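Starting off with a structure, shown below.
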Amino acid sequence: MTEENLLEIRDLKVHFEIKSGILKRTAGVVKAVDGVDLDIRRGEILGLVGESGCGKTTVGRAILRLVEATSGSVKFKGRDIFKLSSTEMKPLRREMQLVFQDPYSSLDPRSKVGDIVGEGLRVHGVTDRKERYRRVLEALEMVGLQEPHMRRFPHEFSGGQRQRIGIARALVVKPSFIVCDEPVSALDVSIQSQVLNLLKDLQQELDLTLLFIAHDMSVVEHLCNRVAVMYLGKIVEVAEREELFGNPQHPYTQALMSAIPIADPKVKRERIILPGDPPSPLRPPPGCRFHTRCPEAIDICSQEIPQQIDLGRQHLCACHLRQPEPDAVQQPA
Amino acid sequence: MASYLARRLTLAIPVLLGILFVTFSLTRLLPGDPCRSALGEKATDEICDAFNDRYGLNDPIYEQFRIYISDVLHGNLGESLKFGRPVTELMVERLPVTLELSFFAMLFAVTVGIPLGVISAYYHNSSIDVGTMIWANIGVSMPVFWLGLMLSYVFGVVLKDTPFWLPPTGRLTAGQSIEPFYVAWGLNVDGDALTLPGFIANINTLNALLVRDWDGFVDAFKHMVLPAIAVGTIPLSIIARMTRSSLLEVLGLNYIRTARAKGVREMGVVVKHGLRNALLPVVTIIGLSLGSLLSGAVLTETVFGLSGVGRILYDSITGRDYTVVQAFTLIIAVFFVFINLIVDALYAYLDPRIRLE
Amino acid sequence: MESTDQSPEVQLAAADATVISRPPKSLWRETLERLLRKPSAVVGLVILGTLLFIAIFAPVLATHDPLQVLLDVPEEGVGKRDKPCIHLFGCPGAGDSLFDATAASDIQMAALSATNSLISATSGNTITIWNRGSGKKLMDLQADQPIFAIDWSPNDQKILGITEDEVIVWDVNRRQIDRTLENPGGATLVKWNADGTRFLTASDRRVDLWDTLSWGVVSTIELESDLTEVAWNGNGTLVMTAAGRQVQLWNVFTGTAVTTLEHENPVTSARFNRGSTRIVTTAGTTLHVWNAASFAEERVIEYDQPLDNAAWSDDLSRGVERVMATSGNTGLMWSSRSGELLHEFDHGAPIEQIASSPLATRIFTKSEQLLRVWDATNGEHILSQETDGVLTSTAWQTNGGGILVADGDAVNILKTSDRQYIMGIDGNVRDQFSRVIYGTRLSLLVGLTTVTLAVIVGTISGAIAGFLGGWVDNVIMRIMDVMLAFPSLILAIAVVTVLGPGLINALTAISIVFIPAYARVARSGVLSVKEEDFVTADRALGVSQVRILFRRVLPNAMAPLIVQATLGIGTAILDAAALSFLGLGAQPPTPEWGAMLGAERNQVFTAPHLVFYPGIAIMITVLAFNLLGDGLRDALDPRLDR
């Protein structure tokens, strides 16, 4: 199992302290990520979905050590990256890259595209200008841009083009793992498919592993091999794409599924409307974090935190209502 | 509100300490031996030892700082080398002039600046707007002392023998005097400049109002006009610009659009709905302008022959009277900090959101 | 959906091609273009460009050395703190009339009062007096008989006149006769001494000396031959007479001769120099220079023609000592030190008078109907003036620059120079215009250096505070808070008081005072840029902190700093001027605008132009930076572009 896992996340916690007053006392702790376990397999596209504010972006950044984790471990190719010094971390940074949600703020407006993309090469020891030029061009061509674009400034490009520049920046250092942080949610729907297809093609071509963070289930269904669902700092369900979409187990996942629009107007489906707003991560509810909004909540849900259990077919779910037997509960799709 | 104020006050304490440290170091950083610069080059070592002992200059530096702080807290700001009197006395004696000047300058700045800003915003992008803003720009670009000199020339010399003539120097016309109010009221008080009645009586316009001496009031007021315009022009320009830009920003908001859609008249929209909300930043600017007002007083009081606090500072600068400069710097900085506190409090009072912070 | 028919690659190529078809445009260029669309910013840029031009080419544009005291200024007709003449309004040039008046009848004699403020013309029984400045006629003074001669008292208060029977004293202030004295015997000449305590009256062979306490004759000098010259010495203790072959000096109190200077030929003229230290005389074909203290003959100059009209052209403060005389149509000038003939002035008509301007830079020669002005230094002809009538009086103004000319019934003052002082002359007799021009250099330099220093220190400390955060941030920003608690000018004053006055110290003080403003702006800029995704991208790539700060964060946080800095230059110039005004900044004679204002502040009622020009220069410079700063703010923040 560890052989095929590129990345193993164990009990990852990221807490932010809120300080106030002149003495900077800690007034509260935002538990953005509160105990996440997740494996990412070599060569797969793992979708991480959830509402905004549930901590999925923080997970992505903590993996890359862009946000310091409070506790837990992340093993990349078997090495616990939280225990590495910044110099030891540097070669690993080449292998793990990030594509951002906002194509407008993710490119330095004062640098030329060639410099933006080439920066990674410069950092990672490609000192020869010609070599750098060749590889930048290669990366740009991979995402469908051409040589003249290297001398342009980001603000001259459209959102989709910028996002492709962002992808080229990630690709140029030849990483094996890329965190895609909602790379298409800021784009027009017409552009989204271009970028998604590009990502998919590149993933296959370059044998990449992607962590694809999204809140749009249809995008995830289109792209991912496996999907993890997150709610308020915790993973509630992980499964293969077909399994999850065909047989969602967690009530939260079920509610998400019911919100996916279906292209056929004749198909009627019962929508599960969740009452209330997601609770504040500053004061998460005790027990199962979803119990305040769960249509099926029972007494135990507000008292005990549910553990992740294997429902079979590599389907993991954290819910008191679900039993380890694979066929115990069936929900209509 | 109270807790907000308390929080702001505690935040001001380190700043006040820092200010004390800066003013303290000012005199300690003076080049040369303090004893010999005070007593002359010929002072013998024994005399200097005694001098240093007396003023605690032999103590370790932190001890000197502690003594300085305790002196300041007891209201002892040192003695002027030139006048041989406590600096505080000198200041209190001269303060009425500066207060009067600052009051009229601010009055001028606010009463002219805000309407100018409103008109400018109301006729946005028209020639009135452009013209006003050009003048506001010129206003902030002028050296205060130069404006003062030119005003006194134009109104005092060029317009002599016309109804527009204004006295270019002094506080009262020679021969004119206003009876101190405590005399007119038959109060049996000490009219020394250092007592409260003396202090109030020294504010000519106020005193004239108290004793209903209209001629005296007009005369005192006329003498204040030119200095007030000179000192008030920069704040005026800043206030006008601030009012305009903040009003324009507010006028772009949705609730204004709603008011317009409801059919409120445009002037009503601007003044009733817009101005009230646009005034918040203007309040800050007014508070901050008091600082530039004081700097302006230093530069203009000499120009107009007013013997106020600024004049004292000017004389001390030219006469190398370090204690006065030090004390003045301290007082102004502390004053400035408290003005900022008051502005913050006012701001919090006007905008409840700030209290939560 | 037609677009789905095309392959995505084709679509991409089309969109990408449009990017390439446009010329590349950096953000800076776009900002500049936006800036140039703002009229106020363009105005600011134009002014700044002009100022920069002026600053660079100051030596070319300035008409004088800004520090040089203009020794010959009175010769140009512009005294200390005199009003400027601006070319646009048509300034009088050489040969133009500075004063023009007409008397009721033909003038026998015209004279300037001792301070040059009044002009009198005598014709018949009447003395007419005009104001030299305004050209207005002030009064007519009347006598019962024709007036032979008049003389102004040294304080302009009185006029002495002499008629057949009387010596008349007029009071000019009260416009009436002060007293009338009896003419002691055919006297036709009156002369005040230098301090107005005595005067003399002279007839052909007799000189009477009067006292103005008793208004009576103190002593009388009798001469053996006809008087050709009589004059007071500088302090009024001696009288010189020239008669026959003798020049004699008389003690005023005793009326006895102190010495006699003997000549071989009849003396044709005799003159004291300005300090009354020497006497020049002409007799026959020789010119003699005598020492007035030792009475020794210092020099004899031979010429091949008879000489007349001896005169001095000397300014001892500049070491200029020249003597002049005339011979027929020719004016002659020698050095009295070496006896060398310096210049010959060909007048073209018999010369009746040759006279030097008070500072010995120009001379004029006068014949019956022709006046010529020459440069005393190089002997060049400057101008000539022909008149219809006979020239009755010609005299230099004692403050130079003009010659009083009377012919027929007209009185004029002729300007003798083309030189202009565009903004006037300051209290130390320096050219204000040149000083203002050079002041541009200083002000721009002051503004740029202080702000550059403050920006560098402020940006680095603010950026470090913002980027590192934590206790570093706390310490740095608390220090800045304390500094911001002082109004900037007051703190600058305090700092300069400690450092001592001087331009460099003022610059240091202003820089220090400005640091917190930039630190704050830099910090907040860094704080906001730090969280941008492109910085995160760099961190994901493992770019070093230092490189991120300087290559990524700072350039992107620069915009508000640039705006602040541009506006700050204006404030810095204002503060520097204020410090100089208070005497804490640039020290005289440095041509700094604030210092110039400070030096002439007390003259605002009498010479407002000396205060006006430096002030307006400050204002224009500051305004330019403010306009540019405002424009930059709008250009860098498109949000405000409404």
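Read from first to last, the chains carry the letters A, B and C; within each, the first residue is number 1.
Just so we're on the same page, contacts are C-beta pairs under 8 Å (C-beta built on N, C-alpha and C of every residue); 3 or more make two chains touch, one makes a residue touch a chain.
This structure is a prediction, so every number in the text was calculated from the model and none was measured.
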Reference chain B; chain at largest CA-centroid distance: A
Highest-count interface - the chain pair sharing the most C-beta contacts: B-C
Chain closest to the assembly centre - both centres taken as Cα means: B
Chain centre separation (chain A, chain B; CA means) in Å: 58
Intercentroid distance (Cα basis), chain C paired with chain B, Å: 38
Chain centre separation in whole Å, for chain C relative to chain A (CA means): 78
Chain C residues counted as touching two or more neighbouring chains: none
Chain C-touching residues of chain A, taken from the complex the two chains share: 61, 64, 66, 86, 89-90, 93-94, 96-98, 100-102, 105-110, 112, 116, 119-120, 123-124, 144-146, 148-149, 151-153, 155-158, 160-161, 164, 166, 169, 173, 190, 193-194, 197-198
Interface residues, chain C side, partner chain B - complex: 40, 478-479, 481-483, 485-491, 493-495, 497-498, 500, 570, 574, 577-578, 581-584, 594, 597, 601, 604-605, 608, 611-612, 614-615, 618-620, 622-623, 626-627, 630, 642
Contact footprint of chain A on chain C as seen in their complex: 3, 8-9, 11-13, 15-16, 19-20, 22, 24-27, 30, 532-534, 536-544, 552, 555-556
Touching residues (chain side chain B, partner chain C) in the complex: 14-15, 18-19, 21-23, 26, 29-31, 134, 137-138, 140-147, 149-150, 152-153, 156-157, 168, 248, 252, 291-292, 294-295, 298-299, 303, 313-314, 317-318, 320, 322, 325-326, 328-329, 332-333, 336-337, 340
